[in-house]
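Sharing a structure here in structure tokens format.
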Amino acid sequence: MRNDGRQINELRKVVIETNYIKHPEGSVLISMGDTKVICSASIEDRVPPFLRGQGKGWVTAEYSMLPRATEQRTIRESSKGKVSGRTMEIQRLIGRALRSVIDLSKLGERTVWIDCDVIQADGGTRTASITGAFVALSLAMEKAFTAKKIKEWPITDYLAAISVGIDEKHGEILDLNYKEDSTAKVDMNVVMTGSYEFVELQGTGEEATYSKDQLHKMLELAEDGITELAMLQKEALGKTAERFK
Amino acid sequence: MRNDGRQINELRKVVIETNYIKHPEGSVLISMGDTKVICSASIEDRVPPFLRGQGKGWVTAEYSMLPRATEQRTIRESSKGKVSGRTMEIQRLIGRALRSVIDLSKLGERTVWIDCDVIQADGGTRTASITGAFVALSLAMEKAFTAKKIKEWPITDYLAAISVGIDEKHGEILDLNYKEDSTAKVDMNVVMTGSYEFVELQGTGEEATYSKDQLHKMLELAEDGITELAMLQKEALGKTAERFK
Amino acid sequence: MRNDGRQINELRKVVIETNYIKHPEGSVLISMGDTKVICSASIEDRVPPFLRGQGKGWVTAEYSMLPRATEQRTIRESSKGKVSGRTMEIQRLIGRALRSVIDLSKLGERTVWIDCDVIQADGGTRTASITGAFVALSLAMEKAFTAKKIKEWPITDYLAAISVGIDEKHGEILDLNYKEDSTAKVDMNVVMTGSYEFVELQGTGEEATYSKDQLHKMLELAEDGITELAMLQKEALGKTAERFK
Amino acid sequence: MRNDGRQINELRKVVIETNYIKHPEGSVLISMGDTKVICSASIEDRVPPFLRGQGKGWVTAEYSMLPRATEQRTIRESSKGKVSGRTMEIQRLIGRALRSVIDLSKLGERTVWIDCDVIQADGGTRTASITGAFVALSLAMEKAFTAKKIKEWPITDYLAAISVGIDEKHGEILDLNYKEDSTAKVDMNVVMTGSYEFVELQGTGEEATYSKDQLHKMLELAEDGITELAMLQKEALGKTAERFK
Amino acid sequence: MRNDGRQINELRKVVIETNYIKHPEGSVLISMGDTKVICSASIEDRVPPFLRGQGKGWVTAEYSMLPRATEQRTIRESSKGKVSGRTMEIQRLIGRALRSVIDLSKLGERTVWIDCDVIQADGGTRTASITGAFVALSLAMEKAFTAKKIKEWPITDYLAAISVGIDEKHGEILDLNYKEDSTAKVDMNVVMTGSYEFVELQGTGEEATYSKDQLHKMLELAEDGITELAMLQKEALGKTAERFK
Amino acid sequence: MRNDGRQINELRKVVIETNYIKHPEGSVLISMGDTKVICSASIEDRVPPFLRGQGKGWVTAEYSMLPRATEQRTIRESSKGKVSGRTMEIQRLIGRALRSVIDLSKLGERTVWIDCDVIQADGGTRTASITGAFVALSLAMEKAFTAKKIKEWPITDYLAAISVGIDEKHGEILDLNYKEDSTAKVDMNVVMTGSYEFVELQGTGEEATYSKDQLHKMLELAEDGITELAMLQKEALGKTAERFK
């Protein structure tokens, strides 16, 4: 039994609350255990310079944590005057992941800004951000599609993310909380589509390594987690879920 | 009748949800109508350099808005690499206001970091931040006092803040929402103690001016608003409220 | 008697030297006692992006102190690479104040840049800046009006600013010098038009509060100070003063 | 046949020139085809604050490209005043990778700074950096070990990195050059030890996805590449290679 | 005759007003024609890290222009968030020049901060800054020496600076004003001691070159200018001048 | 005999390796003894804003050192977030020097970016950069001229740079290496054309001075050095050398 009583292949309790804030075209509050992230999707009617005039859109993401989302207060990146390497890595990951399941040419010359703001952190904030952001993005697309701003439904598949890792005591485990994460010797984030295709695989042994066999065990756990998350996303999306073949 | 059906001296619905996030020593989610702010108070066991060795503490504040707290998405200050003048003004105001009702020598050599993060904005975010932050600060003091880290109760009075203004159509009004705020010719923020002493008075006529008579009418409305807010703070604080004489 | 021999309602010696530097369209050196500020007004033939194409102008201000304007040398903001919160507050205040007495539509698509550079500081630098900047702005408008770049006289009233405060020993006092300012429990800056309308009122009790009665006494002192300053501005403006009804 | 005549499982020509510059404790110029990187290892006799007093060392890395290492000149990060997200990702990756094969407690309280400066880029700069940096680090350790500054040989295994990917035309391929990289639908970087343990696995489908089967094929190609690179590292290290079991 | 009626070897009218502002240990307002610079010298009782514990002092300089010191308003470096290359060059030059005539070991562990703030610019601001800063530095040393903080008189010689150049029409000329400077094909700044030793020689042909013969003619003009400036410095220093052998 | 066995008027061994990297229009690796600099010239088909529409081009330069080009590792300017004063001085010098021997109107509306990246430093990096950059620029011009992008040959003369200085032991010396440079009392950089016209003369006595006689001796040494360097440039340029009259 893990430190919070879970099985090695058990997700924490996941809640996806849609339309959590009123201004964005799409928004959710996603909780995975004590990790809570507000994800919002904002549509802007223009694209970055490198895409202008090509008739296609863009999806980009920003990620941040409230200073006291963590056990120790962290200094705001705005006060430090620069975004940390960790933040940049995460927001680039979220953007890339979402772009893999959207047909940008169906967006038209629009940018969707994804904002993932962690209000409480207990491990797995980047994967919760992706899973939540996918729902916020879908809700924003629903709004634009219903309003006929977008002619064809642009999202091609479900997308969710989960962390897996290797723990001294339990071996391979699914969905690490903060305590597990800080002692795990290997930490892997898996982003997958609803059809079990990989979008991103990032497996890191900080001052450690892992074998091919361990890799396979982790990928199996991840697949189970993704299955469950995609189901929860479907529920959260309600009628919008019907737009996915 | 105002644009949302209120009387000129009527506050929006105020809700103060205590202990909203788990890590900070004190936290609240305060809602004033559609304006929602997470206020947290974090205790750090050291003071800034200019106070070291004097046996007294410090209270400082930071303020931020989620990018899509507003109708139009605003660029993150961390992305721009600098904090705007507006943000600096607001966080300096929140810090100064709270310091007026706390006996810093009773804090010991500790800093209380107040974080006010606006998750949804509809006018009055700086005054909601002060009103909420006072409760978060009191909860953090309760925790430190109960744990005997602080020997004497340091907070000397209630503290709340409200906006008043002058509107073309209704004259002096209390608690402006965003639409009212953007068309008002005068915008005034009043911070008062529970004993109706002024802590801050900031009245600005952007491309406009106001008379002494109008000033008095606004101050009366503000006093009514403060009375009501202090009562709501008292309720939210529960048993901690008994510590205030 | 105050520390420099003044009565509680007495201004320091005020001198306004016009056309102090040769390049700007308008400039003054204003001295209030030992506080000395060079104020200049520069006209630029374009407006910031948010105003383009609206046929109206803009007035904006910047404020700075020479490093050794103060008793202790302060580090240059250019060396630190950022403008402090205090500076931002002051320059926003100066800009807002001036915009309240100018009809921006009569300016045409022009920006007036106000630069207030404190060369010697002894308290009240922000209020001296506003009082001096008003004269520099008027001189620049005179030049543009005489040259027929501006068709109608755009300034609607006199504008001056003064500080008042509450002192342990003398109670409410007018025009605080640095020593008084650093021990005062309340510090209030009042910006008024020549018709005694309020433009800005900023009253702050740093670790202190003040009553409604004290507020009134301070406002009366401020009104006396403004009367005197407006007269000195009129003298300094010479024939330009006749353009004000 | 690929665009440069290679087989799908064929590395470009790899040259590792040791002691390329005279000041660093260890340095190499590594070429993988037209990709050329100067890797240097500098030993500093202190550790970052978070490690002080723990008796162990640290390895950290920085990565940069000369402005005209690329086909189009890129703006220097020093001119822009900030390090890009891509650079941060890469330098964090290099540091993490090297730390997985060094016993930091045997380093003593020392930091090894790894600098990877790309002087000519043709794809695979991050993997070439890791492969070259491992050799530079080993040379620096040799020097410190021979000088008896370090008592026990701290490096535990060989470490090399290679890119693999999926190409429209050839399917899975090894060691992508720039042209291949810019059209590949999947790009994966694999960092492995000499014992074929994974250190890092980063597989990204930009606007694309990949199956478990494709993952396996890519991992096999990577293993072949790593085998060859480790042999070349061994040769380059000469007598130092004998220190590895 | 030059554009302002001067001979080719004639300085503009030079005025050195001592003790221009009250806070610094030494200060002057130097005017060379329409170029006006406030130079101040501030003594700080500590040295930069690289000199700590060596028993000697340091002299460093900062240079800035008011935004409207120039014909066109220039943007403040504090607003841009960085100091320009031109400013850095000038402040490094001023510091180096002053350090050549002061015996730093007689200063004790003290830093003298020189601030040169140009309030009106008409060419030659860097040379006027050096000439004025020398006087401000001497006044500050007088104060410290009289107060016995410094035991031996530390300044070893006079120091002044002047510009020379080559003009299409008049050939080699002394002390260029702004108009002359902007059309001159060669611009040279010469810093010399009272004993006609060179401290700095910086001669630049922007999109032009100059011969050895022209160099000599310029150096002769410079020597004449320096002679006159040193005499004016002597007068301005009054009794302090007697401290120089 | 100097510390490396040279005569006082002897250059270190100079090697100019052309086309060192493949992407730039022109590039060299220049070595002067142990000082090694990669110089590249990149042609961009547009000019900076201040030159637009004037039908002429621009040459600008950037300079940097690899962190471990020096004996002690230096922190990257990109990590510090700003370019140092020293770097700015050097890159402004390189740009100015090159512009003195190119007819910008013959370039058309193009910018040539010169990048000088020091990979190993042993004194004289700025002069080696200028000497090498001249060759890189000429190679890039050859390419543009041959491709008929440029109609007339734009370079008007050879350009080289060398350092001279005054040493306690040997008096005036040519081409200082790092050890000589760090103990020399005077350091002078001379930039000259192939016709022995001065382009830049920068002679600095850090905490020292020099006489007119010493100046002359240094200038003679410099002339000898420039003669030799221009010959080496000619050789390196091969057939391109014939384009210079």
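For reference, chains read A, B, C, D, E and F in written order, and residue numbers begin at 1 within each chain.
Following the convention adopted for this analysis, a residue touches a chain if its C-beta (ideal position, glycine included) is under 8 Å from a C-beta of that chain, and two chains touch if they have at least 3 such contacts.
Per UniProt, the chains are A, B, C, D, E, F = Ribonuclease PH.
As the structure is a computational prediction, the values presented were derived from the model and not from experiment.
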- [ ] Count the smallest number of chain-to-chain hops linking chain B (Ribonuclease PH) with chain C (Ribonuclease PH), moving only between touching chains.
- [x] 1
Open item on the list: On the document's contact criterion, could you list the chains that touch chain B (Ribonuclease PH) and likewise touch chain F (Ribonuclease PH)?
Closed with: none
- [ ] Let me have the rounded angstrom distance from the C-alpha centre of chain A (Ribonuclease PH) over to the C-alpha centre of chain B (Ribonuclease PH), please.
- [x] 33
- [ ] Determine the centre-to-centre distance between chain B (Ribonuclease PH) and chain E (Ribonuclease PH), using the mean Cα coordinates as centres, and give it in whole Å.
- [x] 51
Open item on the list: Which positions in chain B (Ribonuclease PH) are in touch with at least two other chains?
Closed with: 81-83
Open item on the list: Taking the contact definition as given, in what order do you meet the chains if you travel the ring from chain E (Ribonuclease PH) through chain F (Ribonuclease PH)?
Closed with: E, F, D, A, B, C
Open item on the list: Please output the residues of chain D (Ribonuclease PH) touching chain A (Ribonuclease PH) within their complex, sorted ascending.
Closed with: 82-83, 85, 88-89, 91-92, 96, 99-100, 104, 188, 193, 196-212, 215, 219
Task: Residue ranges of chain E (Ribonuclease PH) touching chain C (Ribonuclease PH) (in the complex, touch as defined) - done: 21-24, 27, 34, 36, 38, 40, 42, 44, 62, 64, 66-71, 73, 76-79, 81-83, 87, 113, 115, 117, 119-120
